[in-house]
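Heads up, the next two complexes both have chain A, just with different partners, chain B and then chain C.
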Partner chain A sequence: MGPIDQAEAAPHTGRRRRFSQLSRNDKLVLSVMVGVPAFLHIVLVWIPAILTGVLSFMEWDNVTPISSAEFVGFRNYWQIFTIFDNQLFPALFNNLVLIVWLFLCSAIGIGLAYLLDKNLKGTRFYQSTYYFPVVLSVAVVGFIWKSVMFGRETGLLNLVWPGPPIDFVGDQTKIFEINFPFLDFPLGLSKNFAALLLAMAWRHIGYIMVLYLAGLKSFDPSLREAASIDGCSEWQTFRRVVFPGLKPINVVVAVITVIEALRAYDIVAALSEPRGTEVMGTLVTNSLMGEGGGRVGIGSAYGMVLFLLCVGFIIWYVVNNFREAKE
Partner chain B sequence: MSEKYESSPSPSEVGFSLVSRRTLLAGAAAIGGAAVLAACGDDDSSSSGDTAGATETTAAAGGGGDLGEVTYGSNYSDPKDSAAIAAAVEATGLNVKINTVDHNSYQENFNTYIQQPDDVVSWFAGYRMRAFAGKGVVGDISDVWAKLTDMSEGFKNASTALDGKQYFVPFYFYPWAVHYRKSLFEEKGYEIPATWDDLLALAEKMKGDGIIPFAAANDGGWPQMGMFDMINMRTNGYDFHVSLMGGKESWTDDKVKKVFSNWSSLLDYYQPDVNGRTWQDAATALGKKEVGMYLLGTFVTSNFDPATDPEAQGIIDDIDFFAFPEIDPAYKQDAVEAPIDGFMMAKTPKNEAGAKALLEAFGGAATIDAYIGVNPAVVAANSAAKTDGYNALQKKSAELVGAAKYISQFLDRDTDPDFAAKVVGKALQDFLADPTTIDTVLATVEEQKQTYTFE
Partner chain C sequence: MTTNSVGLTRRNKITLTILLTFIAAVWVLPMAMALLSSFRYFESDTLLNGPFSWPKTLTLDNYREAWRVGDIWTHFGNTMFITIPALVLILLFSSMLAFACTRFSWKFNVFFLVLFTAGNLMPQQVIFQPLFQIFKKTPWPDLLSDTNTGYLLGTKVAVILIHVAFQTGFCTFVLSNYMKTIPKELGEAAMVDGASVWRQYWQIILPLCRPAFAALATLEFTWLYNDFFWGNVLLQQGSEKPITSSISVLNGQYASDYNLIAAASMMIALPTLAVYLALQKQFISGLTLGANKG
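Let's turn to the complex of A and B:
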């Protein structure tokens, strides 16, 4: 701070004063711009999150005054992990499957974006076709698939399918099963959840495609030219030049993919959550909302499990980001 | 309002107006015709708009001005229902302010609402009333019941909490029964089965004729609860059923296993892939005569819409029902499942005298007559209500319930709604997906039941 500080400070008042490049006005704007979101964030996100954490150690029916809530220690957690294990673990497993699946979809979306960026004939048509599902709310997507595509008697998929009709919505038999020593039932991908994955892919691919396309448009074409002059194949150009060059977009895509997978709720709810399709989101809301919502403690415990999963991912992301910033 | 299928515990049914809206689109406006209890079909679409704010209407003050203003929290949000309830309120002659809330939101938020309610509130009979009575958040109205003369014993039981006091006034109901097509039964010479053996023999006969004996839906996880209720009440009797619902019996009891073994013998005659089918799709199969019988609430007719389908009226007129057959002669057909809608009073109403006067009036014949005059889709709880305007199914519903010794409310109304949806509902789905797993399934139910306190 040395020279500039002194030089600037001297003509001022002669007093030693830390120089700030910010005018009073700037400071005001800054504190409003940082302060208001921070305040809202703390009040609307962190305080409820902490209160949820507190509630997860209590038993409260949501009807009698909150003062009647009883502290029950880890009982709610013990219950969801041991007694409701046939709901918690399939839900966690499904969320895990979703993460893997949506990353696959993201890869397809990126591939599509790369193709569309080539200015193929009819690019705009493809673009709007793929993007169409994204405009719809997930609940609407679920509704469309349930009524138009999946119906056992009248669904499009079953009309096309030559074999005996398939119950896409209700069939909870597993496609594959994995046995875990700590569970007395196998975990696996049930057929109805697999069908639901299709519906989610339909939406997610378009979403990622548009996002990536925006990134590709801003990518410096001279780099690509340089690569091709150096004799890179198309794949090498993408793998070695374009993909690393779009690092910021890649991170956004990864974050969005994980978030979409963890927060999945509405599409499952729209398909009326048959057995086999449970995800953490539905477990949380079912315990907290509606008339059956008399189990605030249990619902909060489910919520905290989901929260810890998210926090785990956030920490990984932040640590990764900082490491790169250092480099 | 009529919330047969909204009574489903699953948020997908309760919360997702989209799904329900479609049911509506599918079965819309069936109310127009003779459709019994059709109102459920359409309320979602038309009322989802007023979800946000309660609308206030003040019914004309008649002679009851002395009692001052009474507030009434109504979930009759569908235009036709709200007009009907307004007519009913007007028939009381009291000065009533009606606060109407969209019925889905009403139910979703009832836990919160009942902490600061209006003087009189809409609600459901049975466990769902008792749960709130037990928590001490609604008012004792036993003195009102002392003045209600035309209510049968069954309705009084359904309005009585565990402490022996009454907290509820029934308004109307809609029974569950086995629906069938009269013309199909005539054509094939089928007879109404009186016993379980008759039922299985009839099913076998239908199978031989190339008809699927039982329409079966379970989308949303609630339709098959009705089948469980019926088989349990016929096999083990109403008292055991209530006790089981109240958490007092073990789900691994042989009596419960007997229910499922009986049920298993029926599954051979079910439409395949039960869990994914909506009740509307199953009803459509009944309409096409692809299936012979269908256990559902009388709202099944709302699936057929004379406004869009010229054949619908013919189907509606051709649908009849019979009481679920006897399984154990000890219990005959003495229990019938008929969800009852009605009213409760706030714990500390601002105008207690007025609230009680309003409840007494709701329990009388004049109000339900006025209601049915506008919306002829339900059956009055009050035995003195006019029945000459009833259509054939309404009349039969009234007889069925009138003759019953016991009235159950439906599984998710007879026990903790959370237990019904998350434990029993899931268990039934597991059972229907693979009936051989029933022992594990019941053991899980029993284990998870321990985490509930019940009333």
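Let's turn to the complex of A and C:
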């Protein structure tokens, strides 16, 4: 499935020779075909990523020329973990909650995919219905939920909320709080962020369902039959045969889930980032733009924290593709 | 019906149908309620009589007001100005790259594919500040731009470029998977006949990739249309921003007129929903062809 296998699998000499047989003109065309997109990608994605790493060790106010930037070692990192810990840790905590939550949603999505794979009547209809929120912008999802679900008087969430009606956009009181020994304030899940979690689930579940359904459809049915002939229950068949057999797609789902959770920004920003809903994405953006824009070093350090959280999963993903291709 | 459904007892089938229908109802609920509320007055109707009451009057006032304040038409134009060129460039670049990496073997083709795939998963915020500086310092002739700043920053060209840089990774991945299914004898035969590399790409491979293009174009259209981050941070003037950013404006001005917010959401969601309803098959196949979007 991965893009790599052709090059790996093909006998190198034969294909290489063919490449050297190409005319000069053809070689030029090929290098332009690769060069232009690669140049754009490297200059606009990878070089900025490296520069963010460099800037996180500098102090720069974004106004004076960049040459006046000063190397300050790990000071920015030290500051964000001590002086600005009341900004960093609430955001990190929300991202952590989001990861756990979206994994739960992924499990639900996988469950739905499994049920739809039974090919009941109307499967197409169910699939389209569960999937449609995925085509909406995350910002629009936030807006739709604000308009009909979150309001104090008319919001539908208040129909199921035990206790007096609350405004689910603004209410930052916590549902639960945890005290950490290294912080002098508790971290917790605020009510407005919990409401956003529901809106995100609406979009995430359908996404994972469609991905997984494709995996299930490609799964060899004879393996499943063999398991049931051997007397496996349905759950055992799924747990021991189907799920391990779909390992490549499991990795895709896991990585997408984590990256989506760490990247979250749109829905929070679209609702003007009410207090209690801050995540790493908004923290980085705010400290590089607008009022906080004068502290590039600090903002870049926040950015690097986000990057370090993601990088392991990105590598896992690439390795997964690469290995699978080799087999 | 495949073998799977045969194994279900009648009772299980009914239970399952009820469960799936219930979930479908829950899924539609926010959208259906938003659609209904968008045609009602908020203060004199929804607030007074509750969201589930029968509407007193139906009105288009919310749409009119949201259309005017959100400046929907201008922003829609901005979005199209960004989305269409970006889409064309993404498909062009990714097909070229996929062609070069799958039909020929050279030293760095694996490296490039890995680089692109990994770059596509990068959180946007991580690269934003240096990118901002790069755009700020890159001179750009006003002739090729929609604003007269003399630099890339603040132009829609900048937004197009970053979309192209990001999304080419995903499309290259999908297209290279697709191109590998095309027998390589086809290219060899063309070579023997003396066709150049470009001709092989343009006249043999590209026409065969039409189904993959259709799927990717549908998917990418909604992704580009739905972008909230880049349009918001790279375009500084409000009137230049894409349609998703109308949300921030309306949210500021009409924070508690929920029905107006609903009307705005419906208008912004309409183009992507229409594409989805019309081209659903393309959508799903694009996603599953790649199964790798982050």
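Here is the rule we go by: the second predicted complex is superposed on the first by the 252 of 327 C-alpha atoms of A that agree within 3 Å, B and C clash if a C-alpha of one lies under 4 Å from a C-alpha of the other, contacts with A are read in each partner's own complex, and residues count from 1 in each chain.
As a convention for this text, contacts are C-beta pairs under 8 Å (C-beta built on N, C-alpha and C of every residue); 3 or more make two chains touch, one makes a residue touch a chain.
In this text, all values refer to a predicted model and were calculated from it rather than measured experimentally.
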First, second, both or neither for A:T64, with chain B first and chain C second: first
Partner chain in contact with A:G151 - chain B first, chain C second, else both or neither: both
Which superposed partner A:G297 touches (first chain B, second chain C, both, neither): neither
Contact breadth on chain A, by residue count: chain C or chain B: C
Residues of chain A that lie at the interface with chain B and also at the interface with chain C: 139-140, 143, 146-147, 151, 153-154, 269-272, 285, 289
Complex contact set, residues of chain C against chain A: 1-5, 7-8, 13, 16-17, 19-21, 23-24, 27-31, 33-34, 37-38, 42, 46-47, 50-51, 93-94, 96-102, 104-106, 109-110, 112-119, 121-134, 161-162, 164-166, 168-169, 172-173, 176-177, 180, 196-198, 201, 222, 225-229, 232-233, 244, 247-248, 251-252, 256, 258-259, 261-262, 264-265, 268-269, 272-273, 275-276, 280, 283-284, 287-288, 291-294
Sites on chain B touched by chain A in the complex: 9-16, 18-19, 22, 107-108, 110-112, 114-115, 128, 132, 135-137, 218-221, 272-277, 281, 284-285, 416-418, 420-422, 426, 429-430, 433-434, 440, 444, 447-448, 450-451
Interfacial residue positions of chain A with respect to chain B in the complex: 61-65, 79, 83-84, 86-87, 139-140, 143, 146-147, 150-154, 165, 167-173, 185, 192, 269-275, 282, 285-287, 289-295, 298
List of chain A residues in touch with chain C within their complex: 1, 3-8, 10, 12, 15-16, 18-19, 22-23, 25-26, 29-30, 33-34, 36-38, 40-49, 51-52, 55, 66, 112, 115-122, 125-133, 135-140, 142-149, 151, 153-154, 156, 202, 206, 210-211, 214-215, 221, 225, 228, 249, 252, 255-256, 259-260, 262-263, 265-266, 269-272, 280-281, 284-285, 288-289, 296, 299-300, 303-304, 306-307, 310, 313-315, 317-318, 321-322
